[in-house]
Structure formats: structure tokens, C-alpha cells
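Some structures are shown below for you to check.
Shared between the two complexes below is chain A, which has chain B as its partner in the first and chain C in the second.
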Partner chain A sequence: MINRRNFLTTVAVGTASAAALAACGTGGGTSAGETGSAENPVTINYTWWGNDDRAERTRKAIALFESKNPDIKVNGNFTDFAGYWQKRATEAAGGGLPDVMQWDLSYLRDYGQRNQLLDLGTVKINTDAFDKSLLPSGQIRGKTYGIPTSTNAFAVYYDPAKLATLGIAEPTGKWTYKEFNDFLTEVGTKSKSAIFGSTDYTGVWWMFNIWLRQNNIEAFTEDGKLGFTKDDMKKWWNQTAGLRGTPAIITEERVTQLAPKSPFGSNVTATEVTWDNFMAGYLADSGAKELKLVPVPSDDPDNLGLFLKPSMLMVASAKTKFKDAAARFIDFMVNDPEVGQIFKTSRGVPASKTQRDGTTFEGTDKLVVDYEKSIEQYLKEAPEPPIVGFGTLEASFKRVSSDLNYGKLTIDGAADAWFKEAEDLIKQNA
Partner chain B sequence: MTQSPTLSRRSAPSASPLPRKSRQRGADARAGYTFLLPWLLGFIALTLGPMISSLYLSFTNYNLFDPPKWIGLDNYTTMFQDERFLQSVGVTVGYVVFGTPLKLAAALAVAMLLNSARKGQGFYRSAFYAPSLIGASVSIAIVWKAMFGDSGPVDQGLSLFGINIGGWVGNPSMTMPMFILLTVWQFGAPMVIFLAGLKQIPADLYEAASMDGAGPVRKFFNITWPMLSPVVFFNLLMETIHAFQIFSSAYIISNGEGGPAGSTLFYTLYLYLRGFSDFRMGYASAMAWLLLIVVGILTLVIFKTSKGWVHYSGDAK
Partner chain C sequence: MTTTATTTESTPDAQVPNYNPKSESAGAKRAKSTLFHIVALALTAVVLYPGLWMIASSFKPNAEIGGTNTSLWSNNFSFDNFVTAMEGIGGVSTLTFFTNSLILAVGAVVGTVLSASVSAYAFARIKFPGRSIFFGMMIATLLLPFHVVIIPQYIVFQQLGLIDTYVPLLIGKFLAADAFFVFLMVQFMRNLPGELDEAARIDGAGHVRIFTSIMLPLMKPALISTSIFSFIWSWNDFLGPLLYLNTPDKYPLPLALRLFVDQTQSSDYGAMIAMSVLALLPVLIFFLVFQRYIVEGVSTQGLKG
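Moving on to the complex of A and B:
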């Protein structure tokens, strides 16, 4: 159990050992770092977030890597997403980040700009097979801090079987926000509230981001400020103002009760707006036979605001003693076709063409790949890594939206609350 | 969490005034400090040192990565313009004010039930004490969350009586009662101390009162309560401090977010989020110190008022 005293102790011990480690951490800096041999292999630490399924796949990939690279041993470790970042923060403070880590775009600036991550441009990783428009999302000020493992895109999920029992036609994915809202209402009404249309999609940061792009607004400016106004935000939350509290949208009480499972995975909503690589998880959670993907709504049929985002990145610690080994492991994880066979689309669609072409996609994996192909003509450039502290902003966006659905905040009040936090945070990190 | 029941002045061990040579006393002291050393080192390295460094950090802007930047009292002053901070204060104060007295009342009631000499009393005492041993654990918080969730046992039980309020976990106005029930259920530790206190009340007082025709209510207010007041005082102090520190159950039941609608955003949870999710360690340290100061003042206040209602036997009153 954690009480205040233990907590403070941890903080301070972390700080103290950071100082101690910083004192003895310098020296011994050849460019490749220490290398090993088959008789005397070096051991690198690798950490990732995910569920048991991903852990199993990762173990397989590590075993394969070790058999191909007898001079390197990989020590793997994983946690869930929320705990992951708290752990990294403490490790970074203590100077003990693992050598190689799975990373999220939201936190790339926090650590990259603060010199915690290795510039991967200084080591040998083959990026020839990558789409050139994708690589910048792992770069900050000309330095490469992360290599994307795979891509994901936003989509509307639906369960065809549920729609069939309600006698509702399957959507084509060419819809305006009004048509999408009407569809959600139809689900709620025809099912007599047994199934809700969806969760309130205005509470999803990335959907807001996509809507901004549909209106040709970038969420963040290049100098790390907000690119949209309070009015944009109010307009966005007003999209579903007429739906909150109706069967079109699930109540916030239910969402909270179901957490950490999603309402869609729990079979209480007919659709969900989120990343396409959640497919495997939703299938497992809901037990549905089949789930389908269509594009998100847009009031401009030529601009869907969609983009491919690195679903995750591979990064290395700036302090790693084994740069060469770390680089070889990253190269292997992003490029090797056999790794693609192990992960399929559970990390997203492989970003490297070598890996993608070497992977056979069947069943649901094929659905995800096909979806990303079907939206190719609408894709815009991936957004730059979001600003420092983005993880906090994303969380508070979700929280404020939730308060809005609880009726604790008005739309104006919600926008005020979020902007106050955002401005405070931007000032703090300036 | 261990609370040693050294309570009344009566039970303090009387120092034996054996005359000793001063040299031997010096050797004793050295031996004493030697035995104390492991604890002392631990205290300085793991408690005092960290506390001092957190005091320093509370005056800085520190994000874990860059060196701390001195900003004076800024953290302390901005706190009072931070709505989430004020919300967390409200939630915590509500919990302490309602949870602590209820918990103590439950503990005292059960202690009085268990005080009578009856067959199998040992078993009942252990059974009633057990929840407080496991109460703070992660697993209980998970069980609690399931019990009070949608169509959980509580929801279903209540609907048998025609009360349909749905799950408590997702309902902002029901989460506080849920947490108070959780703390009341963990009455074991104060109960054991009450029980020890009850055992010390001389039986002849009750006998005399009975002969004078006093009923159970009269006996409680005129004998039990005054005789027990030092123990009540101790329990009140410990449980108040303890209540301010609620963290793990809130963290687990709200998935570490303090939801729904901020209704479980306890002070320590917000402190933790500020430090480890928002990387604002300076702010978090300032919050920790403010909590320490407030709890300190509150303890002082309870001590001051205790003169009016706590009676030590042997006092000329």
C-alpha cells in the first residue's frame, strides 16, 4: 500500500540516486557502446505496454532475435499503459531508463526534447522500406528519436450482426456528422435503449483532432501553442449536444462502471470511433463473430481529415551503454518479416514495407489492412509529435468531456476548464 | 499503521530508581545507541532526508528531467486558484468529517458487544478484526468495486427492496458513501484498542451504579464514556490522520483518475497525479507539505480540546 510517507520516500530516494548515478554515469563512451560476443553476450533491457497477448508475441520475437544474434540477450518486461508512463518517469529521474522501449507519440516530446532518448540517426537502423511521410512523426528538430513499428488510422467500428437484428442497414462510411448522429439515434430508438448508438465521440481527443483537420486547422502550432480557439472547442462539443442523455449515446455512469473495458467491447454500444488496430482486442472482449470498419464522418466529402499515425514507436535510452545492440534490436523489430508474422496487426499495420510484404494477413487482420488501403486516397500527412505534456492534455480532455456528460459542466464551462489547464501547462513547459 | 496501545498515564511503566554508577550508565547508553543505529540510519536516509529534499522541491518547478528551478512560494499560491486542488480538498474533508466518526462509533459499538464474557468470544474478536487487516489491500478495493458496480450484489440487494439506484461506482453522488462504508468496515484496529480500554474499567464501578439504580444508557454516559475518553482521544487522533492518507483504494476504484466527475479525487490521489502523470514534482511536494502542516494543526487542535473532554483517572476532578 502507498501512503504519503512511503510515497515521499520513493520520490526522494529516486532523486538521491539520480544524483549518485549522474555522478558516475559519464565516461566509457565509444560510439557503438559496449559490444558482446556469442560466448560473452551483452544483455539489453526492453520494456513495452500491453496485455498478455502482446507479451506472448513479444517473447516469441525476442527468442527469434536472440537465436539470430547470439551476442545479445534481451531482458523483457511489460506493464499496462497507464502505469507504464509513471514507471518511465521515475526511471528517467533516476537515470535508469531501459535500453530499448516501446513508445507512444504522445510522450515523444516529453522525453526526446529533454535528452532522455537516443538520437537514432547516430546508429545503424535501416529505414529504406518506410514511407517517407511517416518518419517525421518520430523526429523532433531534425533528430530521430523514434522509429514507427506500425501504423493505425481512425475508423468507425460496427457489429454487423447487431445492426441486422435491429433491421438497420450497414453504413457505407460516406456520411456527414448529421447522418452519423441520425444513425446513432436510430440504433438507440430501434433497440428500445437495449443498445446505445455509441459513446460520446466528442470526448475522444483524436476525433476532435480529425474534425479540426477537416476544417483545415492544426491542433498545435509549430512553436508549441494551441492552433484552435475556445469557440472551435465549443462547436465540437455542441456536435452531440442533442444526443447526450438520449439512447443514441451511452450514459457516462455506464462507461465508468464498465471501465477499464470499453462499452463497445462489452456489447452495450453498436459502434465505436477509435483506432483500427483495436480490432483484435474488441473481438476478444465482445465475442462478436465479425466487426467491420468504415471511415469517420465528415461534412466535407473530399477531406476526411484522416491520417496514418505511428501506433507505436521504438526508442532507445540516451544513456544506454549498448547502442549497437539496441539499434540492431530496433531494426529487427521494425523490419524483420518474421516479426510481422508474429504480431500481425496487433501493433497496427507494419510500417516497414519489408515487414508488411513478408506478413500474410487473413481474417480480421486482413480487414484492418484493407481498411487502411481503402482510405489511402484521403490520407493526409501524419501530424508532428504533439507538444510537451500532451499526455496530460489528452487525459484532461477526456476528463472534462466526461464531466460534461455527467452534467457537471456546461459546454462553455468545459471549454474554459480545459483551456485554463492547457495554457497553464504550456506556460509551465515553455 | 501499527498502533501501540500505550494509552493512559496509569499504565506507564514506573521507572525503577535503582542507583547505578555513571560509567555503567554510559556503557548502557552506547549499547542502546548501537542497537538503535539501524533504525536511526534508516530514519535519516529514508525519512528525514527525503522530507528535507521534498521541502526544497516544494519551492521549485521540477519536472523530473530538468534541474529544479527555484520559484519561491509560487506552488503554494497557485494551489488556491487550482479548481482541481480545491475539489480534492473538498472530497478529502468530506471523507474525514463523515468517515472517521462513523468508523469510531462502529468500532466502539462492536467493542462493547465483544466485551462481555461469552463462549467463543475469541473467535468473534478475530472475525471482526480480520477486515482491517486486509482492508487496505488492493484485492479488497477490487472486490469493493465489483460489489458496488452495476448489477453487483449491492445493486441487486437494494433492488429487492425496490431501491433502484444502479451501480454506485459510476454515480458521482454515491461514490463517497461507498468509500465511507469501506472505511467503516475496517473498524478492527480502533475496535481492539477500545476493547483493551473497556477491559480496564473496574467492574465495581458498574456494580455500584447498578445498585444505585442506573440503567445501561446512564452507565454508558456516566461511566464508560468518561473512563474510556483517553482511548477515544487516541483513536480519534490516529483515525483522523489515517483518513487524510486514503490513497490505494481510491486509486484502484477510480482507475487512478479520481472519477466519476472528480468525486473520488482524494488529496493524495491528486498529489500523485500531479507528480507522476503531469511531472509537476514541485507542486506535488508543496501539496505534501501543506497536508503535513494541516494535519499537524488539526492534531494540535484535537489535543487542545481534549482537556475539556478527556478524563484521566487519577486527575483531581
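Moving on to the complex of A and C:
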């Protein structure tokens, strides 16, 4: 039987030994962290989200890295996207983040500001082959927390076969919002409502963001406040005021019926505005032979508001004991041409030029790469990482604009509702 | 029942042949019962439809699931989804996920039944100082949402170096941390007549003997209910394994299921649904085998009350 005194002693001994163990673990830390050798390699943990396909590719990349760096072993783990962030939040609170992680732009500021991520400017990672307009998206107040692995650009997708059967000419991508709206109406009327023009594009946050950039407005200021006014928002939602409820735009009821598939993937709409890395998914869902990409509309032909967004970043934990090994692994994953050959465009178009040049792109991959090449002249500097809680704002933007399409809210009411939520959230996180 | 009713009605004693209230009430009863069954069947159909949809979809090609496809059955009937599902994910076989789920679920059942019954015996039958306070505290833990304790718990297990093992997921079960089950068993034991253990005590039995020879056999219904619930809860648990397990080799089924759907790439709904069907089977079998004991448990509890 354990009596009270014995129990206390046990706890004390237990705590002391745990502390001793912990001390063993952290001992010998230098600025570069612990290093290994071929006989006695160090093991770093790497974690990512994704499906079976990505797991296979990542395993290949890790095997290649280990064969080139016999002094480092990489222990790879993966979960799905939603679970990934629940797990990271718990680990961050417990101080147990993995050494190297695949990261999403929406979470970069949150974890970076809380000092959970390693300043990658303090370790050796070669960024010479990166487009200079891209790197700021991994930086917060001058510190580099994330290195982009790959890029996305925004685009208008369309299905050429559908347009051909309707007798509509394929768009060139040089169009104003008026021309784009007319195009959507033409699809809806010529198909006699069998195919809608598109979903309500004013409900897509990034499209709004790009429109703001076309009007030289930044969505968020440097100190994390809103850079646009309620009037800007109303003006934006008014763009499609004449199209809602017409065959140009699919009804919200129909969109809900089709979920979890997208209207475009279900062959119910002829076009869709979104990121160019959705290509493979759309092709698989719709069974279309070919899909094409053109730039978004703009009322200023010289300013399309387009930019490259890191589709994913590589980050390291601020508490990693193996800074040097982590940096070498990140450098390898973003720069090595053979890694590019393994992943192709499944992470997005490789961000580093060495990796891009070392990869052969075919079929779908080539379409996406060619699109990003074709808009090169219009690309402007990527925006800073989104503010903390951006995910919530984006979701509420979508919800409010779908209420707008249901007719539950007027444009004024929708703007009021969203602004109230946004201001509360920004105050909370300030 | 109805046949006996009709025979009594047709006896010659009946002096009022024009008006027979008994036969009318039987007719009304039949109408009522028909209506009841129609409504019950309609509700069952509504409740079971998602299950039917899931089974039907597991035989469809991925492209025909969701979207504009509204038909329940597909003409392209195939087992391809099951083949993909059994291939596993990222080099880990699906059988591994099943085995892991089974280890966790069986561990949870064994742990919960052992620890909860012993603790319940103490609360129900032994008068120790502070019993009601401790009992109150145990009930209070029911009010503590799981999300409140996640992070402190995680930190404890992380400092002990037990992350990526099954210990954090099972240790609580062996320490009667599931207050719900302890409470269930305490209530059950309180309904058992105290004379039984008094008689045993007069015969010289100690607590161990009373517990093993008298209480445990009588508690069978409560033990079975506990087993069923803890099996199903453990089988379906997602958050616990998500937080505490890192290596895909150790993942149970709920984590594996989610890996088929990746919204940043293409999703394989077909394989996910096929695997859901497979994942449902063990729970269904477990329930079918033990369900008669649940009914038994409820009815004996009712009699004792």
C-alpha cells in the first residue's frame, strides 16, 4: 500500500528523474544545434498534410535526402488538413512541435508572432533561385518564418468543349468586369439555363482581394487592420447585382445540393475563378478532356492585381534541437531539382527556379506552369501573410455572400454583418 | 390476442348484435396499429437512408459520387473502391489500421470494465471517510469538457515521453477516469439487495470475495452495457489518437479515413466510403452479438427498481 509520505516521495523522485532526463536531452546544444554523423545520425521529425499520393511522393523525397545526407534521418508523419491544425495547436501549447513542418500561409502569422517558428534567416537556406516578389509572403516584420515550396496564381477556369457546343468563342483573358459578366450571361442564356455561367465570383475572398489590388488598395494594413472601407465592399458585391438569380450565376440552393463537389467539377457551370492548382481535382471530378486557364478580369488592363501565392511553405520549430539538420532538409525540399521531379505540380508550381528548371512538366502540369509563365509580366509583389484569424474572416465572407445570394441579406446588410465580425475579430487578436 | 377477442364476441350470449363496442375498438386498434407501423417504418427509412446511401455509394466509381448524380445505384457496379481501400495509405496497410483500432478498443473495454467495477464497488458498498465528497468530485469531472483538459494532459504525457504510444489513450481507462461508467455501475450496484453481501459477510467473506463472487456475476448487464459503449466510443474516437499518435503505422481507422479526402488535392470519396463500410462492420458485429444483453440489462434494472 502506498501511504501519503511514500506517495510524495515517489512523485518527487519521478519529477527529479524526468528533469534529469530532460537535461540529458537538451545538453550539448550549440547555436547550430546538435549534429550527427553517418555512424550516429540525428533524427528530425517532419510532418505534412495530404493524401496517399503526397505520402508516396514525400517518402521518395525523404529517401533521396537520407541517401544524400547519411548523417540525418527524417521521420515523416502525416494527417489530413483539418486534423493537422488541431494537432499543431496542441503541440505548440505543449512545446512539442515537430522539427520541420509543411505549412499553410493562413497560419504563418499566428505561429510566427507567438515565436513558435524558427527565424530561417538565422540558418543557411539558399533562396537565390526564388522570385524576389515571392519571399515577403513568408516574412513577418523582417523575419523569415517560411520558405515557399511552390506557388499558385489566381485564374479563370473554363471548359472549352462546353463553350464549343454552345457556339461561344473562347475568352482571351483580356477582359473587363463588364465583358466577363456579359460572357457569363451569354453562357446562361445560350444553354437555356442547362449550364450556368459560374458561381457568384464576388463570394470568393481572393477575387475580392485581387480586385482591391487592381484599385491599388491593400486588403490589410501592415499593423493588421482592414485596408478597405465598407463602401469598397458594397461596390464589389454590386458587381454581380444584376446577375444574381439569372442563368449567369448558379443559385446557392444548387451549390449546396452539389456539395461536397464543386459546381464546376460537377459540369454545372462553364467557368470558375480560383487558384490554378485545382486543375487536377477539377479534371478528375468533371471528367472533362481539357480545361483552360485565363487571367482574371480587370478594368485596368495594365494592373491585373495578380500575384504568386505560396501554396505551401516549409517552416521549422523554434524549439528544434537540430537547427542545422532542419535547415538542410528545408533547403533540399525547396531547391533540389530531383525533388521537383518527384512532386511535379502536386504541391503547386515549384517556387525555386533551380527546381522548376529541373522538372519536366507534361499534360496538366504543363498547363498550370504555362499559365503562370504567361502572366509573369503582370505579377506584383505578394501580400504579407494574412492577419491572425484570417481563416475565420474568409469563411464568414463566404457565408455572408451566400446569404446575399439566398436573398437573406441586402448588400448593405451583408457589408454591415461582415464588418462587425471582422472588427470584433481584429480587436480580439490585437 | 385478437382471435380470442373475436371468439368471445361470437358467443350467443351477446344480446345486442347491432352494436358491438368490442369489435369496433378492435378495428380501431388495428387501424391505429397500422398507422403506427406506417409512421414507424417511414421514420426508420429516413433514419436508415444515409446508411443505405453509404453502402450503395461504396460500389460506385468515384466520379459518380455526389455532384449531379442523384441515383442510388450505379450501373457501373464494382468492388474497385474496396480494393483501393484495402491497399492502405502511404505504405501502411489497411489491416494495420484495423489492428490498431482493435487493440485500442479491446484495451479500452478491458480497462474500463476492470477499473470502473472496482471503483463502483467501493463507492456503493464500502463506507470510507469522504466517500460522498469523492463521489461528488467524480461526478463533477463529468461536467469538465474534454477540450479543457486536452492541453494540460498533453503536456503531462509529453514530459513523460509517452507521445506516440498507446499509453495516453489507454491509461485513463485502467484508472477509472471515465466517470460516466463508474456512475452507471454505482447506480446499478445500489439497486442490488444489500442482504446478499450481508449474508456473504456472515459466511466470512471479505470485500474481495464479495466483489468477485457476489457482485460481479449480478452486474453482468451493467458490465455488458459498459463494454458496448466503451468499445464503440474508442472505435470512433478521433481527437485522442489525432493528438497523441504521430506515426501513421499506429493510426486507428478514424484517422486513416480522413486521409482519403484531401481538399487541396483530388479526393477519393469512393475509397473513403468503402473503408467506412468496412470500419462499420466490427462495431455492427459487436453490437449484434451483445445487443440482447443490453435489453436484458435494461429489463432487469427495471424490475429491481
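The rule we apply is simple: the second predicted complex is superposed on the first by the 394 of 430 C-alpha atoms of A that agree within 3 Å, B and C clash if a C-alpha of one lies under 4 Å from a C-alpha of the other, contacts with A are read in each partner's own complex, and residues count from 1 in each chain.
Basically, a residue touches a chain if its C-beta (ideal position, glycine included) is under 8 Å from a C-beta of that chain, and two chains touch if they have at least 3 such contacts.
Here the structure is a predicted model, which means the values were calculated and not measured.
Contact with chain C, but none with chain B, is seen for A:N267 once the two complexes are overlaid on the shared chain.
Shared-chain residue A:D110: touches chain B; no touch with chain C.
By the touch criterion defined above, A:N45 lies against chain C but remains apart from chain B after alignment on the C-alpha atoms of chain A. When the two structures are aligned on the shared chain, A:T90 is found in touch with chain B and with chain C. Residue contacts after overlaying the shared chain place A:T256 against chain B, while chain C stays out of touching range.
By the touch criterion defined above, A:G391 lies against chain B but remains apart from chain C after alignment on the C-alpha atoms of chain A. By the document's definition of touching, both partners, chain B and chain C, reach A:A82. Once the two complexes are laid over each other on the shared chain, residue contacts for A:R59 go to chain C alone; chain B is not touched. Judged by the touch definition given at the top, the superposed model places A:G281 against chain C, while chain B stays out of reach. Overlap of the chain B and chain C contact sets on chain A: residues 82, 86, 90, 93, 258-260.
Those residues of chain B that touch chain A in the shared complex are 46-47, 49-51, 53-54, 57, 61, 63-66, 83, 136-138, 149-150, 166-167, 169-172, 245, 247-248, 251, 255-257, 259-262, 268, 271-272, 275-281, 284-285, 288, 291-292. Chain A meets chain C in the complex at residues 18, 21-22, 45, 47, 49-56, 59, 75, 77-83, 86-87, 90-91, 93-96, 98, 258-261, 265-268, 277, 280-281, 284-285, 287, 311, 346.
For chain C in complex with chain A, the touching residues are 62-63, 66-68, 89-91, 150-151, 154-155, 158-161, 163, 238-239, 242-243, 246-248, 255, 258-269.
Within the complex formed with chain B, the chain A residues making contact are 1-5, 7-9, 11-13, 15-16, 82, 85-86, 89-90, 92-93, 110-111, 114-116, 252-260, 389, 391-392, 395, 399, 402-403, 406, 408, 417, 420, 425, 428-429.
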